[in-house]
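Each of the two complexes below includes subunit A, the first together with subunit B, the second together with subunit C.
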Partner chain A sequence: MSDFTAVLDTLIRQRGVRGSLVVSAGDGIPVDSNLQFGQDGNRVAALAASLYRKARRSAQAAGLGGTGFMQLEAETGRLCIIGGDEIVLVVVAERSANVGLIRVEMLRAAEALA
Partner chain B sequence: MADEVRLWSDELARDPSSLVFLPLAEALRRQGQLDLARKVAVRGLERHPHNPDAHDQLARIQADRGDLQSAFDEWDMVLRLVPGHVGAIKGMAFVRFQQGRLEEAERLLMQAQGQGDSDIHAAMDMVRRSSGVTYAQVVAGELATDPHLLFADILADDQTAIMLDKDGLVLAGAYYSADGKDVAQDVGASLSGVSDEALRATKHLGIGSWRSILFETEAAIVSLAPAPADGGAAGGLIVVATAPDTPLGQLRPLLDRCVSRAHAWLDLAP
Partner chain C sequence: MIKASVEPWIEVPLRTFVEDAGVSLALLLHPNGQVLAQYGFSRAMDIMSACALAAAIHVSANELGRQLEGKPFSGMHHAGKERQVFLAEAQTKRGPYIFLTVFDEASSLGLVRMYFDEFRVNLANASPPPPESPEPILNENFERDLNRSLAALFGRA
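Up next is the complex of A and B:
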């Protein structure tokens, strides 16, 4: 049980959430995860961290300041990401999941982890 | 139908306050007896001035007669009686499009879509068939001479948008920072490859094609969508930035409008 287990458990309890991960922001390596789907968490972590890095870089390029919540929406699912300089919190959810609630929980979790 | 028209006419003669004037006026309209249909509808309205169906019926008749402004006024009345009435909004959009008031037409159609009308594309098609050209194509054609202005008329003052190719190079639009500097090339370069990464992520997760990416920053909310897969934009992005207090639910329609505009512009590109 890591320092992040409670946060990940809170997120996974949200309706439609299939997985939650804490990822190292710099290299995309998973620090802890709670996955309820049969995918490779390492790859999800790497892809999510990379997407978030690109978002942060483009925000900096445009002078938009720090980056907060990020969401990738696909045909049947969503990838939600929030993070800071060191760690990134990732949630994999179904399309039907309440993204508003997930966003609020992730913002809370990010504050708790900061 | 002739029998029904006779029956309804008889019933209306017996009881002038009967609501049977509604199907009667519609039947006459369909038969092309527009003046008679109009008389029946107007008389019905005299007895039922607050009946939205009666105003809607008269609006359809006036539209068929070519009296577009009267039709618009009747649909406007329907909206006053039943706020959010999708049929009335679509009718008003049709009138505005016919009158060449394209901005208003599109705004009304978006409003109808906002009311949950999933059939809005059919309404768009109807408007397109009647005019022979899409609104997006009209505006995209006008703006084609200056790609920087491609999205200008569909964005508010605090919004900005660009279209990038797969390498992050700017195809159209402008991206202004808070100090008024166009940072489109910088943003494009930093977002280069996002489309590929989104594709990889969604493929790995088995969640279908990606539709949009949104991220919140201190100064703006940035939304991304795949660029239309034609005209050299395949694998590229549409990027829209809005004020940070923009309701998140409003971003998808705005993004869709920018994608439609980009699509029309690419279709027209030489």
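Up next is the complex of A and C:
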């Protein structure tokens, strides 16, 4: 059990959420995770952190300032990412999941982790 | 950037790794320090130094692992201020090879480890069986073989 377990447990309880991870932003390595069987946490963490880093840079390059909530829509689900300089919070959800609710919970979680 | 391999079967797995992982330097070598493939190096001298150091680090880390855990360490990562080094072993049908890569903030340790796992599989699948009567590795031939490899990598073969 880590300092992040409670945060991850709160996120995984949301309807349609299939996994949640706290990832080291610079390294792309999972710090803690709550995943369903069959998900490769290391791959999700590495790629999601890379995606978030690039999105942040894109927003900065376009003069849009900091990046808040990021959502990737895929064929059968969504990837929701929120982060800071050191930690990135990743949620893997089904397409039918309530993104608004997930976003609120992720923002709360990010505040708690800051 | 120069991208080359002494043996052609290494080229595709190495190119895939470099492109996917976004690393700035990559080196595949035999545990005896002979270079097999490289990406990003522009001077033969740098490759010679990197190979010698990587082979030495690999053998030291293996021994340290044996002393501490009873088995060799599987990989090594060093994070510098701006650049990071990752070194690990890849098994092929021709035996173990050492892989060294350098990356900066354009990549990450997570990505490098993930794509290295794929590289290791691709390399093992691509490797041909060992020659039936391999040439013995002799100390007196080391420099000749090294020069041959470097000449092949830098188009002087």
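Convention: the second predicted complex is superposed on the first by the 113 of 114 C-alpha atoms of A that agree within 3 Å, B and C clash if a C-alpha of one lies under 4 Å from a C-alpha of the other, contacts with A are read in each partner's own complex, and residues count from 1 in each chain.
As a working rule, a residue touches a chain if its C-beta (ideal position, glycine included) is under 8 Å from a C-beta of that chain, and two chains touch if they have at least 3 such contacts.
Values in this document were obtained by computation on a predicted structure and should not be read as measured data.
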item: Touched partner set for A:26, first subunit B, second subunit C, both or neither; value: second
item: Partner chain in contact with A:109 - subunit B first, subunit C second, else both or neither; value: neither
item: First, second, both or neither for A:50, with subunit B first and subunit C second; value: both
item: Subunit B versus subunit C as contact partner of A:95, first or second or both or neither; value: first
item: More subunit A residues in contact - subunit B or subunit C; value: B
item: First, second, both or neither for A:77, with subunit B first and subunit C second; value: first
item: Residues on subunit A lying within both footprints (that of subunit B and that of subunit C); value: 43, 47, 50
item: Of all residues in subunit C, those that touch subunit A in their complex; value: 105, 107-111, 113-114
item: Complex interface listing, subunit A residues touching subunit C; value: 23-24, 26-29, 42-43, 45-47, 49-50, 53
item: In the complex, subunit A residues that touch subunit B; value: 37, 39-40, 43-44, 47-48, 50-51, 54-55, 57-79, 92, 95, 100
item: Subunit B residues touching subunit A - in the complex, by the definition given at the top; value: 175, 177-179, 183, 186-187, 189-191, 193-194, 197-198, 200-202, 204-220, 222, 241, 248
